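As written, the chains take the letters A, B, C, D and E, and residue 1 is the first residue of each chain.
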Amino acid sequence: MATSLKALPAERLAALSGAYASEMRAKRLNTLMFGAAIVIAAIASGWIAEVNLTKFVTHIGAFFSYFDRLATLDTGARVWTDIAEWFWGLKKWSLLLLDTMLIAYVGTIVGALGGFLLCFAASSNLMPNWWIRNAVKRFLEFCRTVPEIVFALIFVIAFGLGPIPGVLAIAIHTAGALGKLYSEVVENIDMKPVEGAVSSGGSWPEMIGFAVVPQVISNFASYTLLRFEINVRGAAVMGFVGAGGIGQDLIEAIRKFYYSDVSAILLLIIGTVMIIDLVTERLRHRLLGAGGQT
Amino acid sequence: MLVLEGVSRRFGAKSAVEGVELSIERGSFIGVIGRSGAGKSTLLRMINRLIDPTSGRIALDDVDVSALRGKELREWRARCAMIFQQFNLVGRLDVLTNVLMGRLNKVPTHRSLMRLWSDEDIAIALTALEQFDMGSFAAQRADQLSGGQQQRVAIARALVQEPEIILADEPIASLDPRNTKLVMDSLSRINRDYGITVFCNLHSLDLARAYCGRLIGMSQGRVVFDGGPFDLTEDVARQLYGLEAGDVIDMPEEMPAAVVAAQAATPPVLAAH
Amino acid sequence: QDWKAKYPELVFAIIPAENASGVTERYTPFVNYLSKELGIKVSLRIANDYAAIIEGQRSGSIHIASYGPASFARAVTAGVKVEPFAIETGIDGSKGYHSVLWVKKDASYQKIEDLKGKNLCLVDPNSTSGNNVPRFAMNKLGIDPDKFFGKVVYAGSHENAVIGVQQGTCDAAFNWWNDEQESNLLRMDRKKMVKAEDFRMIFKSEQIVNSPIAYLAALPADLKKSIRDAVYNVHTRDKAAFDKIYEGKQGPLVPVDVEAYKPVIELIKFVDTLRKKSGS
Amino acid sequence: MSRTSLRAVALADMNGLRTRHTAEFAVPRERVIAIAIVAAMIGLFAFALYRFEFSLTRIINGIGNLGSFVPLMFPPSPGSWPRAWLFLHALAETVAIAFLGTLLAAILAFPLGFLAARNTTINRVVQFMSRRMLDSVRGVDALIWALIWINVVGLGPFAGVLAIMSSDIGAFGKLFSEAIEAADNKPVEGVTSSGGSHLQQVRFGVLPQVLPVIAGQILYYFESNTRSSTIIGIVGAGGIGLHLSEMIRTLEWPSVSFIICLILVTVAVIDAVSGRIRRAIVGPVPQDAH
Amino acid sequence: MLVLEGVSRRFGAKSAVEGVELSIERGSFIGVIGRSGAGKSTLLRMINRLIDPTSGRIALDDVDVSALRGKELREWRARCAMIFQQFNLVGRLDVLTNVLMGRLNKVPTHRSLMRLWSDEDIAIALTALEQFDMGSFAAQRADQLSGGQQQRVAIARALVQEPEIILADEPIASLDPRNTKLVMDSLSRINRDYGITVFCNLHSLDLARAYCGRLIGMSQGRVVFDGGPFDLTEDVARQLYGLEAGDVIDMPEEMPAAVVAAQAATPPVLAAH
């Protein structure tokens, strides 16, 4: 083949490609075994989970039956034929939604601050001390594993009914969830800027502030806003502490089979989610900026 | 014949390249010189179409390069290999795969996505690596290499593209004298033997004079010099590097001016050859 | 029988009642008994949300379901074609439980009317004994809770409602109550969360009818008959399975029809009328 | 000794510097905006606390009660051996269902993530539509997904798998796309410059960078689905969530804490495995890389 | 007196630096030369303690640098500024903030984290930038700069540290002749005027000879040459760059060997000064 590269002596080439192949073989074998493990685990899980594809295929038509009912008013007419009737509770729901967003806001802020403060100590590239790192990791796991309901109950006993215990429970769970997600972002950063900051004698917090945060801030923002969204939708705890919220109204409508209410509330929530997503997108693209070009 | 007609590029308010007019013969060895920030990298990136000109037109033999799209654009890029100033390797992939990136356009997509490279491609890639003493690093991750090693991988990637044009953005910045010679010589050889056009951003005027058949001097985005290596007079260099205005830096007195002036050199041993 | 070809497997679904634990262990022998009696496979499904069971019955994938009274009524109003055929009974043959209103022992209130302007704890909007029955009962008394009380709070759970009274967040709270031996308050007392003697009952609702077992109306008549036959006789034919479920605290399952649930269905319809009143 | 001429020059030329660089010495506009935003957020926070009838005295008085409930949960105990066995079994089932649901969601969301990312999508319209679709999927409550799938496959673990899958696709699509957008552009340019197609740019320029992040997210959701297994309980597949809520409902606190401990151990194991997998993908942390 | 005693560093099986023994006088200007991959960067990084030696000891005036921890370590790092081969800037921050990071050790943490820099610090940073013609880029994001511009920002960052030792890893690799002179002259000036020790990895032997008082040659991790600029004979250079074995590269014949040999130069105008 015509090539502008000078050909290599055959034995040298054989030696080099042999060395490369043997180094790669180990890696490839690892990948293969990993893939095989996933497939086997998936098959086993499918068996435990009673996956039944025939049933799935024969009844897939029923997938739309619930949607069909969601699009139907009590009167039997389609929802869009009578928007006023469909969104009869718009004012109530909007207020509830705002209310819920306020609760989610406080819970998310407090939790995100907690997760932010802890995530660096849980990252292997910034916290070489095994003990501290693992202690923080286990603590974060504790925060997100103990059900919000249990925290809420403890706080209800301590502080009484009302939004406060719910917000606290949300905040603890949020700290545990975000702390973990944040720390994984931190473990994936480019270490060059970190070296830059460290080499001039910057302290640990300064290194974080100048070299790490600018790299991770956009991902942090995306996780935080997703969590905010989850907390807005989350109904269970707030209902549990007597603070209601749009989530509880939605669950109530689902359970009582007020189909048109379900679809109306759902649309409100989806609208909110979209707005949050659009805001996140703008925010993140600002933070990411033009990106390196040179 | 590669023709640039009134090519400009702005970044926001800043004009990085402005109204560049050039015609380049096939098989030329072009040195692009100029101060840091003059727009050399931007010019090369526009030829490879990594960034689009804000205005103007780039054409090769009547093909309007600046209007190419899709497959044609990819083929154009495959035809003009780029060696980046900052290497632009994929740090998490091994060295050989990084070099094999240069052959993407020649391999069916489904094969490349599965990383099923043919033996021939691997042989070509290893040959390129070995040419720059990097054969034994083939299985190492690219982000574990020293600066000069990364640069050599980047050069190998460009060569395995078997391009018609090579756009080399300071290909020897991080290289020691021996590797500098290796690299410049192989660029020179493929230019001479295979008629491949080479664009090379260089900071060393001596190297530029030694290797390039034609020099293009840029300043603040404009071409301010265009001529043979021996047209680059003192005055031109003065203007190019903005040294005419009172030079604010004082020179360490104890050093012989002539020595200070020489910026770099291959070890004298070579000069004796 | 030809239904065996059409129904090679039946699904029996239950919702864990709010006052019992170990549902899986307790119901497994019963389901095995059913399977043996019917001669086909019967599988047990426990769903944590009755909406899931109603949807399942609607789609025909759940053949027999053990409901709570209100959730059964909900299934009927949601238009699912189900028929109740058996009802749980108390050890004394009673067929229901109650919603009661607790206040602190040393409070002055003697009846609901005394609570004007005070704070009331309900449980959650879905609770039969903690919301629907109380609202229905107060409606009969001519009380509009949202106007009559200072504040009406959904405490979130039966326990929270009791804790709310104890802490003074509310002056009175509705709760479920079976009889003198079993109620949520007594249970919290046993778990040392509160002291039962600190509370006093000032209202007890009419009996809320017990939980029914219902099957799909569309099942073949002879299959239905076999099911009924098996269920009504479980306490004699497989005493172990029967005792496992009720731990000797309840009487046998006896026949019932939809007539017995008319009051609950009325109740549910009443609750539905509240829906749009609370809005806009 | 360590006074370079730099400082002397700088101080001597202070006025010159100020006139040449007014902007650098002034408080930057962005800082003012940032402070305003932070102030607004604090204001909203304060308003929220006021609305929630937050009172310090209530908190301080309550702190004493904080521990009063906790002793009820100690020592953790399943109650009986068969029950412990039952819990373990339910946990294993939960892990299996969560695993399959998460895996399916990840597989389906993977291409969507690339379509929804600005730097890898086909065009702006596709990107916009993909994101809005993901928003909608996320907006639909998990309970609704559960009910929808019950209509198709009936009660049982399969419905749980499908419900987990549907509700996680939305989150995955969003998270994947945002990790992709945050990837460094230099390696992508390297691939582009040699004529790599869109697919190849993604495969070689983007994927190696984002794979560790994506793997982390998938494993996190696996963990999350395992520990908050409410959907699995709702669709009648049992699972550990059913037992946990039952124990909470019947106030059997030692069993509650026992189950929590079981889940904690599971989560820690998943975390350890996840760490190993991510390290296998990332390679040894290149702390000393150049 | 900076002393390195038997300093080694391995990466996995690979030995990057091996048994380095050096004593460096305060105020020296040391040039470190050697082939790509010889271990030059690794050596400098160990002195700054960015990576720890696998074995051996680094000491300054009896202080065991390799044993420092916490605040003392940070102070040590502040005293020996590092200029990185790949700049190691924070791409998403503006140029001025990147330079001000050089002052982190001198500003209370709470102030620096709020970015409340004193006017004096800003003035110092701007002066350093202006010194390298980068004053007008102060507000731009670092990842939007050209290669040479980034390098100059990195140098400015090191200078504002007001260090006692400067560890410069190929500080002029991406610079044009004028900026090369600017940078080398200012290193030379602060070395001469303030007695600051400078370590400089260089690929250009001419520059090394011109500026450095002492040269250290490395090969495969070992110090193979240590002497004054004029001790670097042809033989030594040969050995250092591994050119003794039959040089495989053919030289483009049409070029005058002497020209080929010179690797780079400041424009001749300067020589005439």
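By definition in this document, contacts are C-beta pairs under 8 Å (C-beta built on N, C-alpha and C of every residue); 3 or more make two chains touch, one makes a residue touch a chain.
None of the values given here were measured: they were computed from a predicted structure.
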{"item": "Those chains which touch chain B and also touch chain A", "value": "D, E"}
{"item": "Touching chain B and also chain E, the following chains", "value": "A, D"}
{"item": "Taking each chain's C-alpha mean as its centre, the one farthest from chain B", "value": "C"}
{"item": "Cα-centroid distance, chain B relative to chain D, in whole angstrom", "value": "43"}
{"item": "Geometric centre distance via CA averages, chain D-chain C, whole Å", "value": "38"}
{"item": "Contacts with 2+ other chains: residues of chain E", "value": "11, 41, 50, 79, 85-86, 144-147, 149, 189"}
{"item": "Overlap residues in chain A, where contacts from two or more other chains coincide", "value": "59, 62, 65-66, 153, 157, 160, 162, 192, 254, 288, 291-294"}
{"item": "Set of chain C residues in contact with two or more other chains", "value": "49, 51, 55, 59, 159"}
{"item": "Pairwise chain contacts, counting only pairs that touch as defined", "value": "A-B, A-C, A-D, A-E, B-D, B-E, C-D, D-E"}
{"item": "Sites on chain A touched by chain D in the complex", "value": "30, 34, 38, 41-42, 44-46, 48-52, 55-56, 59-60, 62-63, 65-67, 102-103, 105-106, 109, 124-125, 137-138, 141-142, 144-147, 149-150, 153-155, 157-160, 162-164, 167, 177, 180-181, 184-185, 187-188, 190-192, 218-219, 222-223, 226, 229, 233, 235-236, 247, 250-251, 254, 262, 266, 269-270, 272-274, 277, 280-281, 284-285, 288, 291-293"}
{"item": "Touching residues on chain D, where the partner in the complex is chain A", "value": "41, 44-45, 47-49, 51-54, 58-59, 62-66, 68-70, 92-93, 96-97, 99-100, 103, 118, 131-132, 134-136, 138-141, 143-144, 147-149, 151-154, 156-158, 160-161, 171, 174-175, 178-179, 181-182, 184-186, 212-213, 216-217, 220, 224, 227-228, 230, 237, 244, 248, 256, 260, 263-264, 267-268, 271, 275, 277-278, 280, 282, 285-287, 289"}
{"item": "Residue numbers on chain A that touch chain E, as the complex places them", "value": "192-193, 195-203, 205-206, 209-211, 214-215, 287-294"}
{"item": "Residues of chain C defined as touching chain A within the complex", "value": "49-51, 54-55, 59, 74, 77-78, 121, 124-126, 153-157, 159-160, 163-164, 167, 169-170, 271-272, 275-276, 278-280"}
{"item": "Chain E residues touching chain D - in the complex, by the definition given at the top", "value": "11, 41, 45, 50-51, 79, 85-86, 96, 115, 119-120, 122-124, 126-128, 130-131, 135, 138-139, 159-160, 162-164, 189-190, 193-196"}
